[in-house]
Amino acid sequence: MEKTAVDLNCDLGESFGVYGLGRDEEILALISSANVACGFHGGDPHVMRKTVVLAKKHGVKVGAHPGLPDIIGFGRRQMDISPVELRDIFTYQISALRGFVEAAGMKLQHVIQHGALTRMAEDNEALANAILESIREVDPNLIYLAFEGSSIPKMGRNMGLKVAMVAFADRAYDRNKRLVSRKVPGAVIHDLALVEQRIEQLVTTGEISTIEGESLPLEFDSIMLHGDTPGALEIARTVSRTLNRQGVKVKPMSELV
Amino acid sequence: MEKTAVDLNCDLGESFGVYGLGRDEEILALISSANVACGFHGGDPHVMRKTVVLAKKHGVKVGAHPGLPDIIGFGRRQMDISPVELRDIFTYQISALRGFVEAAGMKLQHVIQHGALTRMAEDNEALANAILESIREVDPNLIYLAFEGSSIPKMGRNMGLKVAMVAFADRAYDRNKRLVSRKVPGAVIHDLALVEQRIEQLVTTGEISTIEGESLPLEFDSIMLHGDTPGALEIARTVSRTLNRQGVKVKPMSELV
Amino acid sequence: MEKTAVDLNCDLGESFGVYGLGRDEEILALISSANVACGFHGGDPHVMRKTVVLAKKHGVKVGAHPGLPDIIGFGRRQMDISPVELRDIFTYQISALRGFVEAAGMKLQHVIQHGALTRMAEDNEALANAILESIREVDPNLIYLAFEGSSIPKMGRNMGLKVAMVAFADRAYDRNKRLVSRKVPGAVIHDLALVEQRIEQLVTTGEISTIEGESLPLEFDSIMLHGDTPGALEIARTVSRTLNRQGVKVKPMSELV
Amino acid sequence: MEKTAVDLNCDLGESFGVYGLGRDEEILALISSANVACGFHGGDPHVMRKTVVLAKKHGVKVGAHPGLPDIIGFGRRQMDISPVELRDIFTYQISALRGFVEAAGMKLQHVIQHGALTRMAEDNEALANAILESIREVDPNLIYLAFEGSSIPKMGRNMGLKVAMVAFADRAYDRNKRLVSRKVPGAVIHDLALVEQRIEQLVTTGEISTIEGESLPLEFDSIMLHGDTPGALEIARTVSRTLNRQGVKVKPMSELV
């Protein structure tokens, strides 16, 4: 099934105090939805405000990107946090960001967990449930931005949440539709021509070629970009150009799901 | 002018991780408004949730009590923070607490700054303005809980905010209606009979006796209690009993201003 | 084999800023070795100084008690920290505490990891190795205070470190000489008569009765006390009295290993 | 009086977790002494280790650069910290860094406070004293790296500490030999030719031209470089080349004072 419109999302607002991270301005020119860090793994209140205001200027919708309370580890180290603690740090972070979004005259669009939390939630249903419950209690109209390869999207829909699905242009998938670990050669795709080809395949056939060589249908509403290195930015631009050439419109996920 | 009703408020939710602080349950039985810490000088997301739920159970209204980002110093050490930074950490903290309050089916009632921020805002109009602007941008219907002795209450009213005024039963005032520094003998009142007498004077005449010996009119809607020591809790109970004996009702500030 | 002397150790210095924890003064009257928190899971520089000075006053030797960088979780939540990171946070914490110990005219006696790190090191040899390497690089004469039930004590001795072994008076052991999980009924012993009996068995026969009912030899140089609750303090006093009645001297581990 | 040798120092090791800061490798090729952040305003245990090892590889001596406990503000925001707290956080940070330095087979050379602490210590003798006492208690052979324009160097010498004096090549001085505030035009010197001229003046005459136009004698053993921007790195290289052309050797301060 051919796509006529797709969302482009990217993690933003990860700078912290004097410490800069990412090419937020350049990425904002390309995307329709920003996942904004909420101060626990990256970001701080001042950076959050600036990022939200900048997103608005570029007509980009804002989502919350809450993480583990571990700024030194950038939220990438798994922690043995209980479901109750997880739910509470999510409600805290999502609500804090929502304050800046509403102060800028916008509405918070979506939520997506950061870093090690994705694997933790995929491996532990109680943690997945805590994330979804927090989203629902903050605002049942928030979209949960989810990955293929686990039961979490279904759990979210069963709870009554809107769920948007993410595809990656620059990461290899296995036959279970999970991302191949970065430690495996070929897991991260740097070749711009290959990125272009995968995007074309995705938007024209709805399928992705796995690392094992099969083509599998991949449900997606949004493509995740990265902007933290010059190479990542080049890939982001390639995705954007390819979509444009294919006549696929870039729209925020709230207009798609 | 005789008072028929007054609010009783107290700082709550200051525990942090395994570290307990305060007698929240015992205080909640006495007060009508709780100033809940927001995780920067005390409190954490889990403590915030528990405190809000407990307040609801006791029919107590919840306000935000944001502080400086200094958990080791408990927000009591002045910091050279810019007005922009202050506004942003306030919007962050107030919004985070509001998330828990609304998840509990309540409405955030008020905001009062914590610790060293009071003196900092009294001494620096730009900081006072940052606090008030943050409150207004989060929700213009929030009440700002204020102290006599500075121009901040007037600034708040000029901005269109509702302002409730605080009186202390156990702290001495000077002739400028500012609290006498804790370093001065007599600044903190431990004598229960004297506390009783000051409450009676306040609610029947609207006046307070200063440390210099004068009686001055003191504008107040709410009396601030403390519950972090056995002695403080005894004073809180004395205030409560005295109001009851005088026929003064205890009501949340949102019903008074 | 009958013991004529044993060390008594306890975790101390876990207060943080305004947050008090533990009955350090009362415990210092009983013990010969203090495990002092180093600011990552509990403690702060000021608390560390005070604790070291107080230990000296009581003639108690000081060891470092480094933990995970997680003050909200009190170092009790496992974190997916790499061996290199663990080694570095240990060298940092041990060295920081050593500064206060030497400033007080003492010598740092030992090191024991805190909280979730024990299980993490038992389950992951690379983490155990990181802990031991850090101790050796800071000072090869430091004693490593270890638990039965894993290969870590042997690893330490193979590295050339002095190792002292810990026994618990108030925790049940299983037949692998590991502590029974606190979730199992009977894992924590509150009965003072039973504590007394276990201490007598330990010092006269060198054996401990397991939760399965067997008596097993338990290597130990030091008995670990707790002082964070009134009940724990009562147990600590019972241990102390029992040793005294049995004619067993209490000596710092540096005089025993 | 003509100089035949001078130290070159620079702040290093200010990265934090995933957040990079500064061009440490390029600067290490130029300097003889590194001021290494200790984890409170910047740096973390892993960064500290890496920086120390890298300094050793380049034959650069290491000093401690302790700061305020304020990573978001990078230690640049004044805080109302007591002398006792300041002394304790200094002993903590200096000792922690010393652990890494000694583990690398080196000796800690010097200490210099970071950021807002310089002005705080210049304005408050008790704070200056706390810094000097901490240095002395950690190791009375440590060099205190000091600025002209206050009584702190003299206080240090009166305490028995070795003191080395710093000059800036790229900052304007006033007639009190204090640095001109960055807010004043001309306070920061970007012109490479002017930097070259000031270095020549310093090493041949021992004098500096003030912003008011006078030439004043400036006591100095070390010139402070910066490496956090491309422009700063260019200035650092200019200073290095100028010294070389003038036949002035670059030696660590421990060989000079």
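Per-chain residue numbering starts at 1, and chain names A, B, C and D are given in the order in which the chains are listed.
The rule is simple: contacts are C-beta pairs under 8 Å (C-beta built on N, C-alpha and C of every residue); 3 or more make two chains touch, one makes a residue touch a chain.
Keep in mind that what you see is a predicted model, and the values were worked out from it rather than measured.
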item	value
Each chain counted as touching chain B and chain D at once	A, C
Interface residue identity across copies chain A, chain C - same or different by half	same
A-D compared against C-D, more contacting pairs	C-D
Geometric centre distance via CA averages, chain D-chain A, whole Å	43
Whole-Å gap between the CA centroids of chain C and chain D	40
Multi-chain contact residues (two or more partners), chain B	72-73
Contacting residues of chain D [partner chain A, same complex]	16-21, 44, 71-74
Touching residues (chain side chain D, partner chain B) in the complex	69-70, 72-73, 77-81, 116
Complex interface listing, chain B residues touching chain A	39, 45-46, 48-49, 84-85, 88-89, 91-100, 102-103, 137-138
